[in-house]
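Presented sequentially are two complexes of chain A, the first with chain B as partner and the second with chain C.
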Partner chain A sequence: MDYLNGITLILNYIFIPGLTYGSQLALGALGITIVYSVLRFSNFAHGEFMSFGAMSSILLSWLFMSFEINIHPLPTAIMVLPIAVLLTITYCLIVDRLVFKFYRQQNSKSVINLIVSIGVMFFTGGLIRFIVGPGDRNFFDGERFFLKARTFKNITGLNEGLTLKTTQGVTILLSVFLVIVLFWFLNKTKTGKSMRAYSDNKELALLSGINPEKVVLITWIITGILACVAGTLYGLDKSYKPFTYLHLVLPIFSAAIVGGVGNPIGAIIGGFVIAFSELIITFAYKKIFFYFLPAYLVPEGLLQILSTDYKIAISFVILVIVLLIKPTGIYKGKIL
Partner chain B sequence: MTNLARIKISYFLMITALIVVGFLQSWNVALTIFNLCVISSIMTLGINIQWGNAGIVNFGVMGFAALGGLANIIISMPPTSNAWNVGGEMIIIGLMIFTLSVFFSIILFKKSNLNNRVKYIISFISIISGYFIMRFLVDVPIEKIEAIEPAKTGYLGGFNLPVLLSWPVGGLLAAFSAFIIGKISLGLRSDYLAIATLGISEIIIYFLKNEDWLSRGVKNVNGLPRPVPYEIELQSKEWVLKVSDYLDIPITELSSIIVKLSYSILFILVLLIILFLLEIAVKSPWGRMMRAIRDNEVSANAMGKNIKQRHLQVFIIGSTIVGLAGAMLTTLDGQFTPVSYQPLRYTFLIWIMVIVGGSGNNFGSIIGGFLIWFFWVQSEPLGLWFISQITTYISDTNIIKSHLLENAAHIRLMFMGLILLITLRFAPKGLIPEVKR
Partner chain C sequence: MKKTLVSLMLSMFLVFPTYADNVKIGIILGFTGPIESLAPVMAKSAEMAINEVNKSGNFTHGKINTVRADSTCVDAAAAQAAAERLITAEKVNAIMGADCSGVTTAVLKNVAMPNGIVMISPSATSPALSTEPDNGLFFRTAPSDARQGEVIADLLMEKGFKTAALSHTNNDYGKGLAASIQKNFTSKGGKITITASHEDGKADYSAEVAALAQAGGDILIVAGYLDQGGKGIIQASLDADAFNKFFLPDGMIGDALPKAIGPDLNGSIGSVPGTDSPGAAQYSELAKKAGFKSGPYGPESYDAAALIMLAMEKSKSTKSNVFKKSIMDVANAPGEKIFPGELGKALKLIKSGKDIDYVGATALELVGSGESSGSFAEILIDNQKTKRVGYR
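Here is the complex of A and B:
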């Protein structure tokens, strides 16, 4: 029984939150990876694109809430997601047309593109704050839990509860769905194959008649979808604040690099590596030892490896270690 | 236009703008802006020598600046009397043990010829055990130190030395960490290097935010000593009273102007010295070598230049300058607030300064620092003015208008992004382009 309690504790505090946060990071990292492998630069504006997507969802769900149109047990934001995705894609395409296209035609170095993306980041950040303001926005409605702690305790008779928030369930399901669609698209469709060919060898792809503008267009559409969904899910799960999105770009970059920039599978793995290590390293293990060890062996103190304040710093520590040991990341990247 | 003409015109316009602020707003505001402009220019010079002359992307500006700020505490604050008795040395010993365990694994990797898997296992064990030994030694003393009057001290304190000494020490701290960071990350490709430096500077700032025994963390260290007299002291001085009568300025205002002016003089001195040294460096064979490496690493390598060493060198030099500027910034503020170092915002602000001023030109960096900081400060009222202008015909009770006015301050982020994008698009060489030598 004690062991079951311990396992429930791990599931509740590490496994489910890790899976949720990991999916959010993975979606973000996928966006960065895809831009990197096709357009060949690190897109610092991705965090703000996510923020833009989340902002669109917020504004739309407010609109729909005021008309009292909803899909009750699920949050309204999920219903408006397709429209928000369209808005984000439009924004990405406008930015590309006005800003990135010029440097692509000039064949600029990737560092220049990176600095340009910082300009886009500043501008988008300002625009978002200008539209919704810098404050905290909560846009969650609907049922809060799929599975409540008390229901779980009643069913199983355990001391420890297991909760599954609606946002967590939705995040995980939606991410799995998106990733499956993405991989199907990249591997099975003609357009997806042409994208992979373009990212693998630009000149050869051009020679075989692939239209580069179309590839770029598709890239931004995919980026827009991923950014909007990831941003909205993160906002639903944690609450939306423009400032946190500015900082979210760093763990996302860590995830992309840890997995191997340019490799979609790597991005997903990287996201989960970052998410789980953040949780595992900052978790207080006292209670778990309490269930697994006889009472006289349980040590004193919280038994944390690092205090929770260092949560975000952990992703950089992992990043530095990976860069030191294996700069190419877990999966060697560069091609889709 | 020749570069000299550009320098003359832009510097003249910048100074005029500051004087206009002096007349329109107040001299106090103008001098506050001016002081921060000088500090930003120094930071910009530090980044410019890395990016403009050597092509190294360093996004760790805020980390180095924060280390400079830390130097202020270590040098100038009085030591907390009890802290060293309850186990301050233990913390030092613990940190040393951990560092040794890390060094051991580095040396293991470099020198020994064991096979790779064994190396990984040994170094993993060494670092983990080093970490836990450190925690074992350090945890109790840290708790005790943080318990000493947590509202006032609760940290180790410093050496109670003159605060001006903290400027070079801040530079040295930054140089030391730049050495380590450079060793880790300079071998990487440019955009990896950018993210790595950004990440490491975040780690530094997280450390300063959370290690209360060192810098009081988010509780901030207030009341750092000053290199210039206090306003109160000045107000009782004979000559200040006379000047105040003569110029017909209220004594409180005059005293704060005098304080700010003395800061300005100190800062300008530092700026001139650094500018002088950098100009010599850039014109020397060393500068030519750096540019050669920047423009074509392969051929520079073929000419027998040690690219890794040179990159490390210039990385340390630039970071030292940033650290020095960071120390000056904290001295000017009179307090150390780790939360105010926001890497993603201020690091990139410095970068905008470099690009707008003209990468590769020291005089350009200075005007870039002045111009962008000036805009950063002034675009808030400017944005408000702009919004109220375009909404004049909307009634005051309109919800859209009040919303727009409320968020007008954020227009400055958009301004900054636009300035950067426009510069990169239409004048990629910046206001004052690099001199062709």
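Here is the complex of A and C:
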């Protein structure tokens, strides 16, 4: 019984939150990786694209809520996601036409593109705050929990509860679905293959008749989809505040780099590595030892490796360690 | 061209004679930032006291004007710039503010002291401010958190909570209050299982809550802000079923919180400066007449503004360095007791040479270097509303 309690504790506080946060990071890191491998620059504006996607979902959710059109028990935001995705794609394409296209035609170095993307990041952030304001925006509706702690306790008779929030379940399912579709697209379709060819060797791809503008277009469409879904899921599960998406760029970049920049599988692995290490290192293990060890061995302290204040630092420490030991990242990057 | 400009400027001085007699009071509060939902009521309360004096016509130094400025509650640089503007550009005679402890300390140290301007804060509660050197310029109508810590420890003990986890916002206010709660609760035989800080303005507090949950405890004390991390901590605790009872100190009290969290918060308790003296009710009545609902730190703001004006009258001067000496005098006994709505009468009494004892909306009694001795209201969240259920 004690072991079961201990396992429930780990599931409730580490596994499920880690899986959710990891999925959100993985989707974000995928977006960065795809832009990096096809367009050859680090897109710092990706966090704000996610924020833009989340904002579109929020505005649309409010619109549909006011007409009382919903898909109870799921949040309305999931229903309006396709329209929000379209808006985000449109925004990405407009930015590309107005900004990135110019530098692409100039054949600018990737560092110039990177700085341009920082400019786009600030502009987008400002635009978003102009539209929805800087404050907290709550757009969650529907049933809050798939599984409530109290229900779980009643069913199993355990001391520890297990909760599964609706948003956590939706995040995990939607991420898995999106990743499967993405990999199918990249590996099985002709357009996907031409994208991979373009990212592998641009000159050769151009010689074999691949239309570069089409590849760029598809890249932004994929980026828009990933950004909007990741942003909306993050906002639904945690809370939406434009400012927090600026901070989100950092763990997402570490995820992409840890996994191996430019490698989609690496981005997913990187997302989970970052998410789980943030949770595992800042968790206090007192209770788990209490369940797994005999009473006389249980220590007095909290058994917390690092205070939660240092959560954000962990992704950087991992980044530094990975870059020192394996500079290419866990998976060798730069090829789709 | 130069000549025209000079003559133009000169003529401006002729057209607009300087109102040397007019008095200006600066109101510097966090209209944006973590307590933005509280600041408007606080400012309106202070302005209500000033309007009352203006209407009475008994103020020797003429009409009193007010200027508002934004302290942001958290950004010391912005608050200092705002205070600097009040003093140098607006030429205020005194400042009602600032609000949060960190910015108040910064404004006091770097702006009010060098310029010799009196500051009366309605809500800065950090114990550190009691010993901050102030040249006799700083006062507060809110009690120090050292006192609130005592009250919180008593309340928890009485309600039968023997162990508690403590999460505080990572600033002067949070740290000061947490230290005071911990000291008092431990000395009364309780046990704080963990003291962990949280940063404001983050999207996700589940890692913080995971650590708190492992330490356990009968109740979670959240010494934070209701519009910020405090709300996030409570939401995440409820989501993970880590705690279901919360203690809410003054920064967490406001109707916005139970509204945002929902029925799960019912049954949680809290404390906020307040009193059952008739002054509080009279203040609420005045506020209703002025067209707003009284809120946390509204009474303190009313009293802070009132003290400034009464001291000016008493010392027959609008100069900070002169009237600062009269503030303790008008606030404390002996003298005729003055309640909200009686400011006109108080001014008349002072003019006729009589002593007054300003009781105001908070049963004000200044102790030590000029801070409220502090009475607290006990809060119960019931039916998604904050209710005052007792006083101590």
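The working rule: the second predicted complex is superposed on the first by the 336 of 336 C-alpha atoms of A that agree within 3 Å, B and C clash if a C-alpha of one lies under 4 Å from a C-alpha of the other, contacts with A are read in each partner's own complex, and residues count from 1 in each chain.
To be clear about the criterion, a residue touches a chain if its C-beta (ideal position, glycine included) is under 8 Å from a C-beta of that chain, and two chains touch if they have at least 3 such contacts.
This structure is a prediction, so every number in the text was calculated from the model and none was measured.
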First, second, both or neither for A:A149, with chain B first and chain C second: second
Which of chain B and chain C A:I118 touches, first, second, both or neither: first
Touching partner for A:G126 - first (chain B), second (chain C), both, neither: first
Which superposed partner A:I257 touches (first chain B, second chain C, both, neither): first
Touched partner set for A:H46, first chain B, second chain C, both or neither: neither
First, second, both or neither for A:D309, with chain B first and chain C second: both
Partner chain in contact with A:V317 - chain B first, chain C second, else both or neither: first
Shared contact residues on chain A - chain B and chain C: 247, 307, 309
Complex contact set, residues of chain A against chain B: 41-42, 99, 102, 109-112, 114-116, 118-127, 129-131, 133-134, 246-247, 249-250, 253-254, 257, 307, 309-310, 312-313, 315-317, 319-320, 323-325, 327
Residue ranges of chain B in contact with chain A within the complex: 55, 57, 120, 184-185, 187-188, 190-192, 194-196, 198-200, 202-203, 206-207, 209-210, 344-345, 348, 351-352, 355, 403-404, 406-408, 410-418, 420-421, 424-425, 428
Sites on chain C touched by chain A in the complex: 170, 194, 196-199, 201-204, 206-208, 210-211, 213-216, 227, 232, 235, 239-241, 260
Complex interface listing, chain A residues touching chain C: 12-14, 17, 21, 136, 138, 144, 148-150, 161, 163, 165, 234-235, 238-241, 243-244, 247-248, 278-279, 282-288, 302, 304, 307-309, 311
